[in-house]
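Look at the two complexes coming up: chain A is in both, with chain B in one and chain C in the other.
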Partner chain A sequence: MKDLVACPTLVFPTVDDTNTAYRGVIALLIINKAGGLIYNRTFGEGLNQLNSNDYLVLAGTFHGVHAITARLNPLREHQAAHYHAQQQHQHQASGSLGGGGSSGGGGQGGPLPSRPEPPSGLEVMETENFRLQCFNTQTGTKFLLFTDTMQANVDVAMRKVYDLYADYVMKNPFYQLEMPVRCDMFDRKLNSYIREINNSR
Partner chain B sequence: MSNLTPAKGKEQPGLRYPSNGKTIYHRPLNRAKTSELSQASFAYLFSEMVGYASKRIESIQDLEKRLNTQGHPIGLKLLDLLLHREPARTQTRPLTIITLLHLIKQQLWTHLFGRAADGLEKSSDPSRPDEYMIIDNEPLVNRYISVPRDMSQLNCAAFVAGIIEGVCDGSAFPARVTAHSVGKQQATPAADGGGEDGGEGKEMWPGRTVFLVKFAPEVLERESFLGKG
Partner chain C sequence: MPVQVFSFYIFDRHTECIYSKLWIAPPPPRPLSTVPAHTSNHELSPSPTATALHRQSAPPASTTTSAVGSNNGGGGAYRDSRSAAARAKDDAKLIFGTVFSLRNMVRKLGGDDDAFISYRTAQYKLHYYETPSSLRFAMLTEPGALSMRNVLHQIYINLWVEYVVKNPLSPVEHKNGEGVKNEMFEMGLDKFVRGLM
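== the complex of A and B ==
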């Protein structure tokens, strides 16, 4: 935990004068499903950079913390029990009909059993100097967007970054899954998009 | 043995036989409206095609050759289809280099990419009268492709070059067509004559591609005879 808190303060130097504070989107990190750092970029000048090893440590640590926070859910057991009870009820109802498609046909009686939302883990971390937003995709890739604390519509920006990733990384025949992202086109589109947000404020 | 020779019209609906019985062969060849396809599905398909072509290759030229070979039969078949869709009066196959290149720039490009090519030029080098250039500022096939640094000469539009080559070969103008990126690095000497906007265009269109069409000597010879007659 210490690492995680310590590292971002190195990336984003404490600036008390709000006029010179970094505005808008400051940095983007992409972490693959194994916790490896596959993309790392800062936006804006004068940011102190970590050395590449520290970035890898930061990514790995965040991955671990994210996995822990995903399990820190006091209601989890309760939800699971509720879900199973619902399932059983549905099963009995469809069993009396003697139908083959028990799961498909079970829904006709009442509302479909709702599968509990998978725990999302850490989503936002706010500090005095920056705000970290994490977006975890269905496949376990994590996008970390560092913005200033006043940045609005981070969700929209995150969505757009994910769009760009899906287009210019995943549709590139030369990209190998789970490996570091080295795609000129992605860099270019990302830069112009982030510049657009940062200049519009 | 009935499953080996299914009765006509009684095929099971599926990928090959749609439920309404209309296969691709039932559709009229003369479609007035262009039907569009998803660019994302094409991007994934093309990505796999490039991946397939880059298995066990010796060199970049090898990969471009394979992409070219994949495009060639498409060009051969498209030539017939495009000529068929022309109005009856202009349904003849192209007889001169200019009409052929114009067919490629207009009809072929519009059919494939929904717009005409951005430029058509003749090599300004007098020693190479057999070279023509078709210019595309942003080839659709390269839309999502970033070529790694160690393969910088590669241009995946070699597939489109193969299609052009197929059209040229099919209309009895044997030619070699290659795709070259002129977006970032210095333009090739042949493409240098490509107008004064070269410097500006390079900045604006990083993916700018030149398709260099090099006709066989006999084509030039025939063309010169035709010119006299």
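== the complex of A and C ==
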């Protein structure tokens, strides 16, 4: 789309270093629910190349930081209090109906056993040189997409990457859960998709 | 554009939290069962929000900690057993750890000239600014906020430098926040941040 406008040499005639140029999607990391790095691929220039050990350390560190950021929510007590009040309210409402066991317990068949929104950890991180988008699946697998700071629609790209993961990794009968991803089809599809994004601007 | 600011922290180069301030009202008291000791023991009057918490620096939490009932039966019961001041202190440590790890990660990936600016979760956004002398400023705001880097920079040059660095009575190192909590700085900061909201 927008082939005419997107030619980078026209928009930025004198760009010479990679820091200010469009770099698109730079890298993808997948971290399993235990904090282990299971996939690591670089698509373009823009980040320092680390050795594989450093990447493992990075994945572990990020896993920990993600857990901390999730519980740093400054409004957690407000939300907890709000939730508590709601629970009590529901409890009284259901008590008038059934009047049975008054012992504590989460939602005992009330009309709508609502839960407080689970705290999400770090979702987007911005730095001067790049942007990091993190998508945490329901099972705790984390997808880290490194892009340049101008990249738009990272959510869509993330969604698509997750789709590819579901299709070509999870449906691969030879893939062992939580183990490093070595699936040719996934590599190829991912490469072509990312190239498509990076070339479309 | 008004922006909701939750809290603000300053860390010195020795990783110590030398100043922190909250702009969120204390949470509403729990209904029923949790009435004892939770709200009554604190000298928290509702209006000067949580500034009182930071004043009690040396004796941590002589207030509660003891007989807060566990009759709550679930949920956040364990939280009530520790005073708000101790929790605020823990939060500051966690924030420093987070910011420090992320900063190192960013430097490793983006090169030494790269700088960590902010991160966002669904509930809040943390903005970060570091001076060349390793003084670190962190501010928590609502998640939709735009970049507050210039705000943190303004706080540094207009408040920190003016009222702390140029204060002849303030020490060079601010152990336990000594010299930071002067009236001019506190007032200026409060006024400045409330102007944003």
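Operating definition for what follows: the second predicted complex is superposed on the first by the 159 of 201 C-alpha atoms of A that agree within 3 Å, B and C clash if a C-alpha of one lies under 4 Å from a C-alpha of the other, contacts with A are read in each partner's own complex, and residues count from 1 in each chain.
Everything below uses one rule, namely that a contact is a pair of C-beta atoms (placed from the backbone, for glycine too) under 8 Å apart; a residue touches a chain by one contact, two chains touch by 3 or more.
What you see is a predicted model; the values in this text were computed from it and never measured.
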Counting only touches as set out at the top, which of chain B and chain C does A:171 meet: first, second, both, neither? first
Could you look at A:39 and tell me whether it touches chain B, chain C, both or neither (first, second, both, neither)? neither
Chain touching more of chain A, residue-wise (chain B, chain C): C
Based on the superposed arrangement, let me know which partner A:81 touches: chain B (first), chain C (second), both, or neither? second
For A:182, decide between first (touching chain B), second (touching chain C), both and neither. first
Give one of first, second, both or neither to describe whether A:122 is in contact with chain B, with chain C, with both, or with none. second
Under the stated contact criterion, what part of chain A meets chain C in this complex? 47-48, 50, 54, 58, 61-62, 64-65, 68-78, 80-85, 87-88, 104, 106, 117, 119-130, 146
Could you please specify the touching residues of chain C with respect to chain A in the complex? 6-7, 22, 24, 27-32, 73-76, 79, 91, 94-95, 97-98, 101-102, 105-106, 108-111, 113-124, 126, 140, 147
Mind listing the chain A positions that touch chain B in their complex? 167-168, 171-174, 182-186, 188
Residues of chain B defined as touching chain A within the complex: 40, 43-44, 46-48, 50-51, 54, 144-148, 151, 156, 206
